[in-house]
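Reading through the structure tokens given below for one structure.
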Amino acid sequence: MDTNLIFTLCGVGLCGIGFFGFIYHRHLLRRLIAFNLIGNGTFLIMVGFAQRGQGVTDHVIQALVLTGIVVAVAATALGLVLIRRWFQLKGSTQLPEDDAS
Amino acid sequence: MTLLMILQSILLISGALMFLVGSIGLVRFPDTYTRIHALTKADNVGLGLIVIGLIPASFSVLVTLKILLIWLLVMLASALSGHLVAWEARAQQVPLKPSEGESSKETFSKRELSTKESSDEPSD
Amino acid sequence: MNMILSPIPWLLVIPLAGAVLTMLVPYHWRSPASVVGIFTQLMASVVLWYQVTHYGPQFYAMADWQAPLGIALRADGLATLFILMSSLVASACAFYAHAYLSLQKRAHFWPLLWFLWASLNGIWLAADTFNLYVGLELLTFAAVGLVAFASDERSLEASIRYLYAALLGSMAYLLGVALLYGAQGTLSMDSLAETWHWGPTNQVAVTLILGGLLLKTAVFPLHTWLPPAHGGALTPVSALLSALVIKASFYILLRFWIEFQIYQFLPSLSQLLGALGAGAILWGGWMALRQTHLKMVVAYSTVAQIGYMTLMFPLLVAESSEASLLAYQGGILMLLAHAFAKAGMFLAAGNLIFCTGKPDLVSLAGMSRYRPLNIFAFGLAGVSLMGLPPSGGFNAKWLLLQSSFMSGQWWWIVVLLLGNLLSAAYVFRVFAYTYQETDALDTYKRPKLSLELIALGLSVGSILLGFISVWPLEMISLPGPVMEALP
Amino acid sequence: MNLLIDFTLLIGILAIALTCLISRSLFRSVVFFILLGLMLAIGWIRLGAPDIALAEAAIGAGITGVLLLDTLGHLKKTGNLENDEPAPGRKRLILAIVSSFTLVGLLLWAVFNQPTPAINIHLLVTEAMPESGVSHPITAVLLNFRSYDTLLEVGVLVLAVLVGLALQTDQQAQDSLPGLPNPLLHACLTLLIPAMLITSMYLLWAGADRPGGAFQAGAMLAAAFILLHISGIKLSSQVSHRMMQAGLLLGFGVFLAVATSSLIGGRPLLTYPEGGAGMLILLIELALTLSIGLILLSLFTIANSPPHHKDQGGDHGH
């Protein structure tokens, strides 16, 4: 058991928890938080798993995770802009339930 | 194990203990105002102890200065945020103490973990 | 070859610079600037096409660092064909939007379009798994923005649904890429293919990547986000989304599938994909038949058409290289024909809705008399979607049928034929409404002629594709990583 | 001993994540999410990734947290926070549990069957470092070896603001957030803001040979801007709309211009001239820092101001 493996497992757990929340919840804000959990889990897996394989600190994957974090915050911000607009128009915090489609 | 290391360990451990005490206070105290107490006071002492404990380990003036600077900034920030939370809580007229007739146990379970920004939470 | 003459960087720089410029200059300068950009973009695509057909596939090392350390770009036949396709369709939609949108809406449309275009070109050319992720995110953001900026309730709901589905899809893709990197230590598609190793890690990675991309392509049963998004957006945006955006994730899926020879190792997965495609064809067709809004009919037709493209996967079998080649050609032709036909159909539908002022089918009564040109454009696109000769759609389905015969998978033939009946039914249903006459007073608005001509042009393109099918098929048969990896 | 810390972090992170998702109070969820970001930052340090730790603390926990909290405040104001939230049905629960367990199972299977990678990319990085113009490998990857990814990533950021602006139909929409009229806050700002600006510049400068760089520096700058904004000093009222837009695009524009300039010399896109890599990277990073600060601020303020959705008319079809 080394640090890389432990944090890879941590990432796996975060992905699982986030995925659960993303499907289970209907509140848009909660789903956005769940998406961020999946994202953080993915980043942990990226670095932990790669470094476990390479056996050394892997700067390439770390740089990619930095890119990923910035993209994730942009996605969150975009989601929040849309959600707020939705609140304003509909006064609701969730999307209407899917019909037969 | 030199004397210095023992001293350092004592400082670090007691610093961590202060954080623990502060966190317990955060959970156990009845209202926003007392919780700010627990957080700002205990944590500042805890951080101070840890900073003093860390300085001998650095052996470099520059690093020592940086650690001290961190301490100063955190003190400033926590003083400010403590003040802001209390200010806002007062503006929103958050009650000082649990209302009469509630046992402290109930209050705890209802209000547990409504942390320092509790003014944002829907009042229950 | 001299780097300054290579059109590859310009295909990325022009749209990115276009995005910056159209955000900075005053509103009424944005359209002229964009028109200049569109023409240079078309020129660059043609130059690339010329170079690839004459000198073979082009490779480009970004920042002069060779893969796997740096990021490589590849312009093989397939990529070049897609660049040409997206340039033509996007230009048509851009001109349509210029005539269709108000000045203020247009001002926001241009930078979004340029980002969309840049990300599309980036994806067609990419040869790096992580670069594809960033490209996909850029595409998602631009597409979501384009859906949302109609700024009414319906489009907002659609854009939120779309954003959530797309974000989940890209995250699944990224997770797969992370696993692949951990297993093989590289992000470059070429070196991944060289050192490919079918262990559990790669299998899980492929599953995640496929799942994410299927969600982003809206393959049945992960399609629920698509109809509201494509049906609820402004007309030129609907056309862009249906014709180009979903093709991007499909294209990545295809490249992974062939270049890593997934068909060879997971044959049961190909049958599963085929089943999903069949489900999409039948369900999409059935739902299109039941819609009451014109644009929703067209949007569900997209769901069905994605099914036809997905049918390519079970037909790529290791045993028969001939059947595989036919399936590959048929699938790509299907995709091309759909891009033109669906863009044409959405634009024609948008014109009709503009005429009547109402989105539902019932109000189309009398249209065939009032707007015959538009109905003609809609019909031509319908011909290609139904797969009647002579059209690109017909040739594509013919190739897929032949491939099914050859590989002995007769059950897909049944699906193809049933799907054809359904598409014929929903196209003719729309026609039936246009031939009805009502006593109500005509209060129709007349759309600009240019709007009708653009729609007609795209529809004619999809028919024309039936006559020049040989040419794109030759294009994708040029040597390249995909051709090498085919059975 | 170190393993003990790792395990504690593992349990802590997972417990916080779970609490964050199942807590009934949305406010609590957000607070736990921020806490999670801080825990993760420690985790990144343990993984030997101080750069990511900085970014996670500043961007992942900081900026995302502020955005989420701010949305909560907005919800509360419009009375949407206490909306009766019907608990999702049982079918949904079963679906969620089954699919997340499937995912975890698949991932575990993949993780425990990891083959030895055939390619060791870090050897290539070490080999190419002297030519990269900087001595910090992560900065070299981000702004030299894989600068194309970073260019597109900045594009993603710009695009997020662009979509926000497109939705906010009224250009001069008034900010709904009044400044906090707290005297102590304003007194402390005079101390904090310069310190934050200096830290930001330090992070930027450090990126050449130590953990740090444009993204962390930009997040720090954004934090300073947002703090000013909250306390009532609005940047958008100090500079014109056009200036603001130019500032947003500056980083992307400079990056793209440097990238394209290499084409004129007959070299591939994004290639730095011999010996000039260090200077150009610093130039790009400087512009990026300013732009990222402004972009993150804009994402905050756009989310803040109510859009005026009176339709402008003239739009066909709708």
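What to note about this one:
The chains carry the letters A, B, C and D, assigned in the order they are written, with residues numbered from 1 in each.
By definition in this document, a residue touches a chain if its C-beta (ideal position, glycine included) is under 8 Å from a C-beta of that chain, and two chains touch if they have at least 3 such contacts.
Computed from a prediction, not measured in an experiment: that's the story for all the values here.
Summarising the inter-chain contacts, the pair of chains with the most C-beta pairs in contact is A-D. In terms of their C-alpha centroids, the spacing between chain C and chain D amounts to 31 Å. Averaging C-alpha coordinates per chain places the centre of chain A 27 Å away from that of chain C.
Chain A and chain D have centres, each the mean of its CA atoms, that are 13 Å apart.
Chain centres here are Cα averages; for chain B and chain C they lie 56 Å apart. Counting partners per residue, chain C has 130, 134, 137, 141, 144, 148, 151, 175, 179, 182-183, 185 as the residues that reach two or more other chains.
In chain A, the residues touching two or more other chains are 15, 45, 49, 52-54, 64, 67, 71, 74-75, 78, 82-83, 85, 89. Contact of a single residue of chain D with at least two other chains is seen at positions 72, 107, 111, 114-115, 117, 120-121, 125, 145-146, 149, 153, 156, 159-160, 163, 167, 307, 309.
Contact annotation for chain pairs lists A-C, A-D, B-D, C-D, with touch applied as defined. Only residues 73, 76-77, 80, 83-84, 87, 113-115, 117, 120-122 of chain B touch chain D when the two sit together in their complex.
Against chain D, in their complex, chain A makes its touches with residues 1, 3-10, 12-21, 23-27, 29-30, 32-34, 36-37, 40, 43-45, 47-49, 51-54, 56-60, 62-67, 69-78, 80-85, 87-89, 91-94.
By the touch rule above, chain D contacts chain A in their complex via residues 2-3, 6-7, 9-10, 13-14, 17-18, 20-21, 26, 29-30, 33, 36-37, 40, 43-44, 46-49, 51-52, 55-56, 59-60, 63-64, 67-68, 71-72, 74-75, 78-80, 83, 85, 88, 92-93, 95-97, 99-101, 103-104, 107-108, 111, 114-117, 120-122, 125, 137-138, 140-142, 145-146, 149-150, 153, 156-157, 159-160, 163-164, 167, 213, 215, 296, 299, 302-303, 306-307, 309.
Contacts from chain D toward chain C in the complex involve residues 106-107, 109-111, 113-115, 117-121, 124-125, 128, 144-149, 151-153, 155-156, 158-160, 162-163, 165-167, 169, 245-246, 249, 252-253, 256, 259-260, 263-264, 266-272, 307, 309, 311-318. Against chain A, in their complex, chain C makes its touches with residues 130, 134, 137, 141, 144, 148, 151, 153, 156-157, 159-161, 163-164, 167-168, 171, 174-175, 178-179, 181-183, 185, 187, 224, 227, 287.
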